[in-house]
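Naming follows writing order (A, B, C and D), and every chain is counted from residue 1.
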Amino acid sequence: MSSLNSLEISSLSTYYTTKRGYLKAVDKVSFNLPKGSVLGLAGESGSGKSTIVNTIFRVLPKNAIVKEGSIMFNNEDLLKMNLNFFRKEISWKKISWIPQGSMSILDPVYTVKSQMIETINAHEDISRAEAMEIIYKSLKAVNLPDDVLNKYPHQLSGGQKQRIVIASALLLDPEIVVADEPTTALDVVVQAEIVKLIKELQKQRGFSMIFVTHDLSLLAGVSNYLAILYGGKLVELGTTEDIFKDPLHPYTQMFLKAIPDIRKWKERKLYYIPGELPDLISPPKGCIFNPRCPLAGGICKESSPGLEEVSKGHLVACYFARGGKRND
Amino acid sequence: MNRLVNQLLHRKAFLISLVILLFFIFIASAANYLTPYKDPYTITSEQHLAAPYSIPIWARIFPQYSKYPPNTNMDLKSPLILGNGSESFNGTAYTVELKPSEYENLSFPLSWNYQYPYSFSISFIAIPHGQAAQINVLLKQQNKTYFLESFVPSADQILYTYPTCPLSMGKTNSITISSESLSSSNSPYVSTLPGNERYIASAILPQLIFKPGKYSVIISIENIGTSPLKVYIYQPKFSAVGRAYGILGTDNNGASVFAEFVLGARFDLEIAAIATLIIVGIGLIFGLVAGYVGGKVDLFLNALTDFFLTIPGLPLLITLETIFVVSGLILKIGIVPLLIAIIGGLSWMGTMKIIRSVTLSVRSRTFVEASKALGSGPFRIIRKHVLPNILGVVFAQIAYDVPVVILTESGLDFLGLGITKFPTWGNMLGYASAYTSPANGFVWWWVLPPGFAIIFLSVALYFIGSTLQDVLSPYKVRGE
Amino acid sequence: MRFSVPWRYLVKRIIERIILLIVIINFLFLIIYIIPIYVAHLNPAEFYVPLSYKGLSRSTEVEAIDREFGLNQPIFVQYIDYVKNMLTFHFGYSLIYDEPVSKIILQALPVDLIILVPSLILSTVFAIGLGLFSAVRFGRLSDSINTFFAILTYFIPGFWVLIIFLQIFGFQLGLFPTNIAQALISPSGAPLHGWAYIAGLIKFSIAPIIILALLAYGVRMALTRSYGVESMGSSYVTYLRAKGIPERSVVYKHVMRNAIIPAITRTGIDFAFVIAGSVFVEDIFGFYGMGELLYRSALTFNVQILGDAFYILSLYVIVVLLVLDFIYPLIDPRVKYE
Amino acid sequence: MIEAEKISVEFKSGDRKINAVKEANITIGDGESIGLAGESGSGKTTLGKSLLALVKPKEGKVLWNGKNVFKIKGKDLKNFRRENQIIYQDPFDSIDIRMRIYDVISEGLTVQGFSKQEQREIIYSALKSVGLNPPEAYSNAFPTQLSGGQLQRVAIARSIVLNPKFIVADEPVSMLDVSIRSGILQIFQDMKEKGTSSLIISHDISTLAYVVDKIYIMYLGHVVEYGTTQQIIEKPLHPYTQALISAIPIPEPNHETEIKLVETNEPVPPKGCPLYPRCPFRKNVCLDNEPKMTEVEPGHYVSCHLY
């Protein structure tokens, strides 16, 4: 494992067992999270992004299995670790999670304070006063008044819950933070506030971050690197700048084009990707994107392209991407 | 539709439950064919079919019951003839010809493989021609002989030191010797018993006499006159009222428990069906109206429902019923319709609450508003969208309410506050518990079947209901 | 922890319950007075006066009754008197029992609590324990069996089980006293006192307590299970696990608290209605509580006692429900009280 | 064509009254395409539904061809329903999944009295026009067999079979993946070309800007600003509108969004401007007086004490 990376995911495959067979939610996905940087993990519904997060935190539902792959952290495979050790020493202490703070992410019958203290006590053997010290500090960091501590989750607004979830993630000063759709279901202005807050905290504390979202335009301002997922596969990986300036995969290209840009409203030209998402239980043969791809040729229906480096640090999984080698 | 049937048939619990339900429906609807009896509680001829508390016939597979006798009824045949007269048998009658002082014994073999019966009787027809005859009936086991009864013409009776019964010469005498009618005044054997036994002879005779073994019924004829005697004996029979009877034995009156069970099943299911219709009818209408119309109507209907939910149900049931009985109104209405009305009228609240809540949840779904936006009126929306979506819940409620009715009605019957004059599962349990005592032992064949029937039927209906709700409800509805 | 008293919520609840009480009194007036006397034109003496009382002539008795109950007054005066009497617990004197009605009721009321309250507590313990057991093992065979038995208990007629139990263990095997009178006397026939009395009481009540608990736990067990299952699959449990909270804590602190709230709430309601359903156990085990009082009044058509006992039962329900209204916000922080 | 005058809508939640919409005015002319933007809870959906008499306001009226839509009955109401349609946010919720697609779409036609023979043709052509080809295959399907995008197309087909003159679209694409959103919006643009007027409700002002002619901005039940799309996007006047537009993420690396509102827990003043607690430009007058709607430039109205 390179010392430059804080997390290395290689060839990760997570499937769900269903009555009709395996649902390949995540299929051979590999990427690294360079130290101190923000990696944007973008994809639409069914792309497998939340399955990746659940795999990292080992909280997959019962019908899910990790078929292959590893998630290396400090030269150790998170997936092979003893679960109790992982829960106590790695989870939250080293890698923490900012989930979508909506509806039911907090236990409705305990106060915010007791849930935060419980989190600290699960990992650190410290006094209540010390724990409260940490809690007050992290509340301050997310600009929340102290009185939210005595409230129950149903008494909080969406923005407040999101801040509490962020504060909780930072309690133990982790090395890596996984922000999982942290602004979905929030209003635009609150979203901007939360994104700004997360960005500032990341800069201040220097943790590495995986920022998972379906909203590519959000990532433009947040992440250093981008990983684009489609149908459980990683289709493109590179720096944010490279991908926005020069997207190589047809999916990325069309995806970017479909995002409305307020600066271009006068053009009044809307783009979209025709067709439907693939069925992940019986995926199309060949490239997963081929049924919707305007470039698809014969080979695309035959075999699935691997991720190849086109220019330095810019990888794409497409036979026809510019510069990509064509074997047929 | 096929899809639904298919889904239903793939659920084991549903199939088993369906079989159980159909079984009870079969019993109930075929009640008239399964049992010849109409009402063993009030029609006395349908009682005393066997001994009170007779075990079921099949229970004799258990060792402690293996020697219990069933009802027995046999023609006595192939007698051993002893005596100095002459006799002949023409296929229907035995003809005994005796000169004065001659006698003849017809000794019919009887093999008894059981413990004592509840009662027994020996019967035959005797036509004596001549001056005078004495006919003695005896029961003999190995070396012990029981002199049951002696028949002589009235004029000759004073000659004997033991009890005798009159015999009409030259006429047809239908002679029946029954253990229940033997007493010290008509039976030589009984008159020899010690005093205390003598008084209860009719009850204990079978116990005193019968053990498994070989017996002979002896009809002994003696010419006590001075001229030749000719006696015709027809149709000699032995019968015993057993202590094992039918499929489910008998109750304290010796009436068939199976008949009661079957009649009870029909009655219970009928009552349950009608009361459930009332319950689901009220619940559905109130629930739909409250849930769909909302506002003040909902407020009112909901408050009404809460009122009925708050007053304690069983005491109210008891109070109401008593008031109706006391005030004599029951005479105009009749207990059955009253029970149905009271149970139905006091049990709809849960159904109403559930229908209301699912109606509210369907109503809050956008497709209902979409339908309104397309121009549909409220009745169309209820018919096309609300009802089809809550259909599963309605079916489930029907299935859940039947056990509620049966349990409530059985409870009242059990207490003696409901139906007492006609068999129901509830009053079967009530009577069974009233008549089981340390002395009678645990009359399991009477106590268990109605209870298990209630449980099986209820559980089956529960599973049918929950499966229907599952399969017919596209959206998750929490059943509580 | 800071807790503000939700005044508005409580005042609203109190008013609601008082309205309910008044409606019940009116309802009782209707069925106890109007129906028998004015609809069925029944002579009230029929159910207030025994056939003979202290050698008084029948007409004197009836006059006395008319005076005592104001039955010779216009109906609206009777109505006002009735409401007044109910609210002030002036139930009058039962000539049939030759005792004040309130005394009869007061004697019956506490008898129930010996058996019914402990069995309610025990059944709650069963319900929560077995419900959580099933929730944690959701979908496995042990869950299915456990749930099936809970459902089965909904439908077992209580009186039936009690009879069978009484027959087999009481009469045939002689393992426990079959009625309370037998339990409270020594073998020589003298009444028990002190510890022996309490021991006798416990020996007598333990069987019905357990049976009633087994018959009653089902609904709350299913509630605990379904909320437990929901809680196990909820996103906050996933989040707690990701936060590294030990599984024991997740299940016994978070899932349990969420799963038992509905069961506890339900226990409160069952507590309110516990006496109402006690007729069978009292009748079968022969102890004289409210249920038996109602039952015997019904059998002897003693309308006076029936109406008053029914009123007291309803009042008990209302009071318990009102107390519950005060307790719910403490158990479940989500109860809306604004 | 449809004109709302001083609409106020109140909801009861338990014992609390919530003013979902307060004295809102909105006019939709023939063939116009209007956008209604604001954050969740701003009352935009409620206002949209009251235009179609699907929500009953406490006060105010909505005029349709001069008639108050809350008073019309019978035949008039039926006609009103036919001419004015709505499309919802969540296609999974707005379609009864017990019905086949054909029956879903035919419902409006049946209610409006079209014969069975007429229906078939109309339904097939509607399915084609929303891009569900071949219509025979789709019309036999059950809703559970379709994706969200396809279902939303069905929902649109259900509305357009009635050939409405006005459509309210309540967040029609917010539940859908970005890559297919424009496919749905395209249908709206096609309808607009045919002269159907529409009110598109969305929290996403950038999407709105692409498709509508005029934009109304709502905040806490109040319409705070409206004007042509150009006026609103390029020259937003109300501090809230400005904040809304500057908070939109721009798909360009290293672009910083600006946050122009103040974070606060102050309550909204009962009589003053609803934005008062969060407004960076607030003055004393804003605390006590609700600003009035004023026309700052032709067709551009704003309700703020700054103007």
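We take it that contacts are C-beta pairs under 8 Å (C-beta built on N, C-alpha and C of every residue); 3 or more make two chains touch, one makes a residue touch a chain.
All figures in this text were calculated on a predicted structure; none of them were measured in a lab.
Colleague: Looking at A-D and B-D, which pair shares more C-beta contacts?
Modeller: Output for the comparison: A-D.
Colleague: Using the mean of all protein Cα atoms as the middle point, what chain has its own Cα mean nearest that point?
Modeller: Taking the mean of all protein C-alpha atoms as reference, the closest chain is C.
Colleague: Taking the mean of the CA coordinates per chain, how far is chain A from chain D in Å?
Modeller: 32
Colleague: For chain C versus chain D, what separation do you get between their C-alpha means, in angstrom?
Modeller: 54
Colleague: With chain centres taken as the means of their Cα atoms, state the distance from chain A to chain B in Å.
Modeller: 72
Colleague: Which residues does chain B have that touch at least 2 chains other than itself?
Modeller: In chain B, no residue touches two or more other chains.
Colleague: Going by the contact rule already set, what residues in chain A reach two or more other chains?
Modeller: Residues: none.
Colleague: Do you know which chain C residues sit against two or more other chains?
Modeller: Residue numbers touching two or more other chains: none in chain C.
Colleague: Quick check on the complex: what are the chain D residues that touch chain A?
Modeller: 39-40, 147, 149-150, 177-183, 185-186, 189, 203-207, 209-211, 229-230, 233, 243-245, 247-259, 261, 263, 265
Colleague: Taking the complex as given, what residues does chain A use to touch chain C?
Modeller: Where chain A meets chain C, its residues are 54, 57, 59, 61, 84, 87-88, 91-93, 96-97, 99, 103-111, 118-119, 122-123, 150, 152, 154, 168.
Colleague: State the interface residues of chain C toward chain A in the complex, per the touch definition above.
Modeller: Listed in rising order, the residues of chain C that touch chain A are 1-2, 233-236, 238-246, 249, 253-254, 257-258, 261, 332-334.
Colleague: Show which residues of chain C lie in contact with chain B when the two form their complex.
Modeller: Result: residues 20, 23-24, 27, 31-32, 35-36, 39-40, 42, 46-47, 151-152, 154-157, 159-161, 163-164, 167-168, 171-172, 219, 222-223, 226, 262, 273, 275-277, 279-280, 283-284, 291, 294-295, 297-299, 301, 303, 306-307, 309-310, 313-314, 317-318, 321 of chain C touch chain B.
Colleague: Sort out for me which residues of chain A touch chain D in the complex.
Modeller: Contact set of chain A toward chain D: 44-45, 143, 145, 187-193, 195-196, 214-218, 220-221, 240-241, 244-245, 254-256, 258-263, 265-266, 268, 270-274, 276-277.
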